[in-house]
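Starting off with a structure, shown below.
Letters A, B and C mark the chains as written, and numbering starts fresh at 1 in each.
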Amino acid sequence: MRANRKVGIVGWGVYVPKWRIKSEELARGWGRDWNRYAAGIMVEEKSVPGIDEDTFTIAYEASINALKRARIDASLLRAVYVGTESKPYAVKTTATMLIDALGAGGEGRLTTGADYEFACKAGTEAIQSILGLVGSGMIDYGLAVGADTAQGAPGDALEYTASAGGAAYILGPADRSVAVIEASLSHVTDTPDFWRRQHERYPAHTRAFTGEPAYFKHIMTAARELMSLMGTTPEDYDYAIFHQPNGKFPLRVGTRLGFTPDKIKPGLITPYIGNTYSGSALVGLAAVLDQAKPGQKILVVSFGSGAGSDAFHIEVKEGIEEVQGLAPKTMDYVSRKEYVDYTTYARYRRMIRMLHDFSAY
Amino acid sequence: MVYVIGVGLTKVGNHWDKSLRHLAAEAAIAALEDASIEDVDYIVVANALSGVINAQENLASYVATHLGMVGVPAVKVEAAGASGGAAIALAKSLVLSGAADKVLIVGVEKMTDYTSLEDTTSALSTFIDSEYEAFPGGTLESMHAMMMRAYMKKYSVTKEEFSHLPLLMHENASTTPHAQLRFKLKPQSYASSPVIAEPITMLDLAPVSDGAAAVILSKDKGREGNVEIVSSGQATDTISTYRRKDLTQLPSVRAAFKRALEAVPDFKPDFYVIHDYSSVMGYVEVEELGLAERGKASQLFSSGEAKREGSTPINPEGGLKARGNPVGATGVYQMAEAFLQITERAEGWQVPGAKSGLVLSVGGLGANSVVHLVRGV
Amino acid sequence: MWAYWQSVPAHWRELPARYRLEGGRCRDCGHRTLPEERVCPVCGSKNIERVALPRRGKVVNYSVIWNAPRGYEYYTPYVVALIELEDGTRVFSQLTDVHPEEVKEGMEVEMVIRKTRVSGESGLIAYSYKFRPVLR
């Protein structure tokens, strides 16, 4: 998929809550020995949303950071899409709150907006939609966010990785951008590897089935098809970013595609903050953009259970270095941290139910 | 001239078996009997929380109905903790204007129908700015806490120095029959008191109370033992702390006091009734009344000067802290108690030789203040 | 008689202040307020315009709330503070991402948006400004 007019990233921003819990502490909560799981998961600690944080508050701060780098007024944003699988409301769009909080579309709020859900790839779906609107000339600037306060059932393997955070991207005409999205491509099938039924608090997953037929098959297909479309090989890219449900899968899928680990590791953030679901690959991309140099090429491939992958070919432009320092960087948020114990984690994640609890949801 | 010719009050406390109407009627009937009258021209009800806690508004008619006084004009006055003082001020105006010869003022509050800390705290939060203080999570207690922090910083006062007011109030209340907390406090109890809103702890604050008090104002003297309301003054301040310049002052108290003194510049009360919702507010009030230098109020309470037998008796009944604080009724209690002092009926809590007094009622964090100067005639 | 649900319109109409820190500025004397007033509290002018207030400031005074009102119990202990914004405007706000013992007078803080009051599992999630120690 290539746009009629070239589209690029004008600004990007991330947000990660300051609270962390160590995998060791999570294991302790259930009387398990973390050493027996560490190699299989490769996530040493994960971010925990504060008691007053959710997908909207995360999306808001990431978007404010994106606006700082974009150096445009929020009134110019004519489309706002939020990709998430932890919507604050089952019915009421997170984008509405984000549009009003940012002042998108100006006083008249002349902007479109919606929430997207496609498991962990809803954020890259949002980018593709903005790409289409800007690429067709319908709008000049749009905002796409991938953010989650991911759910992992207590005691489940996902509890070690399901974390909180997000990234926001402002797309605009290529001549105003600091990185051009040359092409995007998606691959989607009905592969039920992970889901959450309506009204359920926690998702169900299929353990090993989430690997080969789901994660690996979709990412590799999308990546190979995009490289075929662009006529590129892994050697042509400086960075490769893949959806990162744990610390192990992205390295394995990248290696199988022919990427060396040094191209994958700069965008591999999950080992430090866990899997931010819709934010996962997009936080990784932000970490790369934070340090990228003009002329470098980036391959991004997301994965959403259910299942599908979105792949992007991005080329970094002159001017990126001017904006990298205009807002806190990914690693600033990664290193801003304070550990909580399992009790505090359970409180923050509202696993503890109070009497007359009118402040919970 | 306006005279207090009779008063009535209920014990302050947890009246599980009595409703708002029972409490109001009990106090009102006692006041009517005390004044030896059966009819009044007007009823003024003082209350601050019935709409929130008891789901009962239209309180003037409600009280008139349950008093068997249907037909008598009536109105409710609400000014948070100053409701009672303000009700008396308005009733006094009714008498002075000639609109009424005799007015019954009934202060009533029924707080214990809320049985959780959270709900009571929410109810009291209606006294601060609902949209820009209570919504962000602020409470009435937290406003007093900021006042305490500002006071401690400005005058280098330790937390312990605030104990002198509650200690004296409890000592006084221990011999006041109608008081809620009739026991003495140990200094170490103050030090280990639970934190409510740091640095305010439980023993800095008035308790949650039920109670009703009534007074009858008249243009003519009643039976023997009358008290004249010589002069009154009232003033408001911002409801919200974020509009205040200095949290260590209560300009509304100062202004109300000044206005009351205008007519009687030489008035010297024999005792003072202040509105000690918190220890720090009590301190600032006595400073605004000129009884202590700024930052030095604790000495007034620790030195014995504020005792009933001291040179400047303050809250001989035990104050809000220990007599209790049925919020909207408190100002009426204060006037009724001043009446009992001056007519030498304060048995067990009498200030020797008390012939005149100052009554201060304050709403919120000094958002509304009323001063009445009274003397025996 | 507390309401299980907080009033929705009462929150909705304050969104300009709660989301974007929009207050009032007196066109005659320049004084700024949050919330926006109809009458300038300093000079009495009724000539007021809406302005976005600075999102950074300093803690002037604060309290740590252990006894919370209904709907805030889950957050205890939490800190509420008087904050002086960079332009001198005073705002009362909850602080977030901070432990009570870390709060000091003079602490530099910046605005974020956080959940402030949630009406149970079925009601409105009211978001509003809170302030946290500046990130950098």
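Quick notes on this structure:
What we mean here is this: a contact is a pair of C-beta atoms (placed from the backbone, for glycine too) under 8 Å apart; a residue touches a chain by one contact, two chains touch by 3 or more.
Just so it is clear, the model here is predicted, and its values are computed rather than measured.
Across the structure, the highest number of inter-chain C-beta contacts is found for B-C. Centrality by C-alpha centroid: the chain sitting nearest the overall protein C-alpha mean is C. Separation between the centroids of subunit B and subunit C, computed from CA atoms only, is 31 Å.
Spacing of subunit A relative to subunit C, judged by their CA centroids, is 30 angstrom. Between subunit A and subunit B, the centres computed from C-alpha atoms are 59 Å apart.
Each of residues 356 in subunit A touches at least two other chains.
Multi-chain contact residues of subunit C, defined as those touching 2 or more other chains: 70-73, 75, 116-117, 130. Each of residues 116, 118 in subunit B touches at least two other chains.
Those residues of subunit B that touch subunit C in the shared complex are 51-55, 116-119, 121-123, 125, 129, 131-139, 141-143, 145-146, 149-150, 153, 194-200, 238, 240-243, 247. In the complex of the two chains, the subunit A residues touching subunit C come out as 18, 50-54, 56-57, 60-61, 88-89, 97, 100-101, 103, 328, 332, 336, 347, 350, 354, 356-361. Residues 4, 15, 19-20, 70-75, 96-97, 112-121, 125, 127, 130, 135-136 of subunit C are the ones touching subunit A in the complex.
On the subunit C side of its complex with subunit B, the touching residues are 1-2, 10-11, 14, 17, 33-35, 41, 61-73, 75, 78, 80, 82, 90-94, 100, 105, 116-117, 126, 128, 130.
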